[in-house]
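Shared between the two complexes below is chain A, which pairs with chain B and chain C, respectively.
Up next, the complex of A and B:
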């Protein structure tokens, strides 16, 4: 089983592959439902998670909402794959959620 | 003096509705992030993201920002390859994403669209009316029509065949930095002759106004024919492009190429055998089926007068999709597996070959990073040479990435200067300001600054895109 540190490093390495091309935006139902708010999109979640793990963001209510509003529909992954990147976006988001939940339970800062 | 973000948020909320104003850090950060390969820096973090519904909202925000001297950065889709979308100062980011309404008026011969409409959705809507959107960016899935026209980018298209996006714009609704709303152009399909503001504002890169709505001519959907040509040497393709212009051969709307290395990667990715050399791929268009075929046959005959191993019309749709897809796959490769630093060299056509080889030598001889790889693919028939420095390492430090980008930029822009080119896709501000100053004389640059000062006296719009080189 991976340690939290290993998970974090693996996540950061995978998240670095998202170049914020945003091609997946229109496939994301929460992006559509929010009239195109990029933060509530697949790309938005990956970037948010990345900057959180890098220490530029702290876990707060808005950030938790961004990460936990993903519907896990995986439509973004089809687009990402068709554009050659093939990131497992929803898995990354779920791993990010788990990592952060664990840290929060231990009383650490996001 | 530090700006009171809570007050700003409340003020903007009163102007456009509080549900459309965001001051949380994740949202600010995301809207500051574009496709530039380095991270957002704290000092450029936006104060707020405002999401106006239309010109009235934009006017209210700009009037307020102008009175308060707060910079405003316009956000279409964030896909600029030259850093236009990255705020260069703390600012209100104006997200155009709610302005997506599209109305087609076949009886008037035009359509109107909000600036935030995505290109692929616009194309789909126009197709229902038998019309073609004559704009083909690689970022089609997300690029906005407002962003495209604000840069007046040709993207994939060969200018000599299809013109620029601005050639199809009949009129604009635009908001000046001081808040006044302009309605330009015409509702006729006949564009105004003489001095007219549409032409001033198209391609103004968000420095002079915020484009909120566009009226564009309907273009009938043509027939297409596709051609592939395999070569042994990239010089043979460059010769073909130069001969095409020299002999006044009607140019295709797309004339793409992959160098040998990129072709091998791209073809493999789509399940085709490595072509073993560079590949050219062309698409011609015409409003008669027979005429289109005739054009294609003539173009193949023209290509065969050069040195292709093979040149032919591709009738099999699936085969063409693979061949055409190989170009995107080559691009995916360089962006996926490492750090990529691109350039846009558009030389005088008779200097295409010299420019290509000088660009290649410049990339391979970079001092800021050793052992980079050279890739070239793109719209060679335009002509655009996209010379890429590719580093097989994703996690380079920000300062290293910036140093490589700066050197690639400077050396390839010097080739543009040397061979009288400018570029046709990326705009000329953002990272290209040093080029702009070198390429044209002081009077030219000063006129641009005077124009900016006249329309934007407090320099609130896209501040930093014309003043600095980063």
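Up next, the complex of A and C:
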């Protein structure tokens, strides 16, 4: 398994590939169920994770809600692929959770 | 969402604690998960062994636990939510949830019928799988989803050690979450085991001509709800329809179907029941527009859509339950 530092670097490099084109928004069930809250969409989650890993955001209640409410349904990935990007969005979120879950279990702040 | 950070931390801690203590996410001892197989005549080993991963057996307990969390609404506003969840940690393997879940005989029986139906279907096509009983381990799917990869790795290692010890050459699973763990996650976390895994519907589809159809009175017209993982991650789409046709039922398609299927909301039910209910509400209304009989092929989808049966006058059936009807000719309650 990769170290946390290696995972973080790899994730940041993958997350930078998201062009935030937002075509995936409407495919996301939590985006639909929240009447269009962008942070509860696939794209919103990737951007949130990116800024978290860059240290520009803190893992507070809102961010925990955003990142742990992804259904892992992969509907967004079909759209991402059809638009020529093909990011493995849910895997990136899962890897992000792996980093964050460790911090949460250790009771670390931020 | 106030309290979400603490809620997730507590959920992670609960899962971790339960797994370490009992090897089970709910913290229960092994004997609760094997009762469904009584009288099925399953051997303890075989070339092909069945892995239920306890998914259908967990339905009443998961439903009761999420119901208890939902009742504590508004969850984020409760001072001491951590206390409630850590109470869950202590009681998970103990009397309260078990006692409360006992009252849920309907969903318990539905889960049992789905598993027994799957085995009946396999037997009908000439496959009698072995069953590892108390060594039918949980796959660690939820642990992996939540980022607890090393615990998922531990579970998978344990599962494959058991398969190898039993001499199994193939594993037949009964739900898509477990299949994804064995087929895609296990090679990354524990390496190539050399023991392939298949969903029982893949196997039935290959021999579907040998399936016994359901009685004419039970040949309903079902709208299909493809489970996300089954359709998008595993590509098991036509197989389900092929098996349905051989059973004599009619499968019709909703607006979002096959690879474009919509989620049932199940994966986040454990922590965010309100958002989960928003997602399942969208899906159930879409399905109900097409038919009042809904067909699923996943315990998580069954649990999340089953909740609407009484409220909306629907009938949600798992493919295993339809196979059970084919074998037993009984109409479930």
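Observations, loosely collected:
As a working rule, the second predicted complex is superposed on the first by the 105 of 110 C-alpha atoms of A that agree within 3 Å, B and C clash if a C-alpha of one lies under 4 Å from a C-alpha of the other, contacts with A are read in each partner's own complex, and residues count from 1 in each chain.
The definition used in the following text is that a residue touches a chain if its C-beta (ideal position, glycine included) is under 8 Å from a C-beta of that chain, and two chains touch if they have at least 3 such contacts.
Remember, predicted model here, so these are calculated numbers, not experimental data.
When the two complexes are overlaid on chain A, chain B and chain C sit side by side with no clash. Contact with chain B, but none with chain C, is seen for A:16 once the two complexes are overlaid on the shared chain.
After superposing the two complexes on chain A, the angle subtended at the C-alpha centre of chain A by the centres of chain B and chain C comes to 120 degrees, rounded to the nearest 10. When both complexes are overlaid on chain A, the residue A:100 reaches chain C alone and has no touch with chain B.
Look at A:56: by the touch rule set out above, it reaches chain B but stays clear of chain C.
Of the two partner chains placed by superposition, only chain C is touched by A:64; chain B is not. In the superposition on chain A, A:44 contacts chain B only, with no contact to chain C. By the touch criterion stated above, A:32 is placed in contact with chain C alone, chain B being left untouched.
Of the two partner chains, chain B is the only one that A:85 touches; chain C does not reach it.
After overlaying the two complexes on the shared chain, residue contacts for A:76 are found with neither chain B nor chain C.
This overlay, made by fitting chain A, leaves chain B and chain C with a least C-alpha separation of 9 Å.
Taken together, the two complexes place residues 60, 62-63 of chain A in contact with chain B and also with chain C. Within the complex formed with chain C, the chain A residues making contact are 1, 29-30, 32-34, 40, 59-65, 68-75, 77-78, 94-102, 104-105, 107. For chain C in complex with chain A, the residues that touch the partner chain are 1-9, 12-13, 16, 76, 144-150, 153, 189, 228-229, 232-233, 259-263, 265-268, 271-272, 275, 278-279, 281-283.
Note for the complex: chain A touches chain B at residues 13, 16-17, 19-23, 25-26, 35-39, 43-44, 47-48, 51, 54, 56-57, 60, 62-63, 66, 79, 83-85. Contact residues of chain B toward chain A in the complex are 22, 24-27, 29-31, 33-35, 37, 39-40, 42, 51, 77-79, 95, 97-98, 100, 116, 118, 120-121, 139, 141-142, 269, 328-329, 331-333, 335-336, 394-395.
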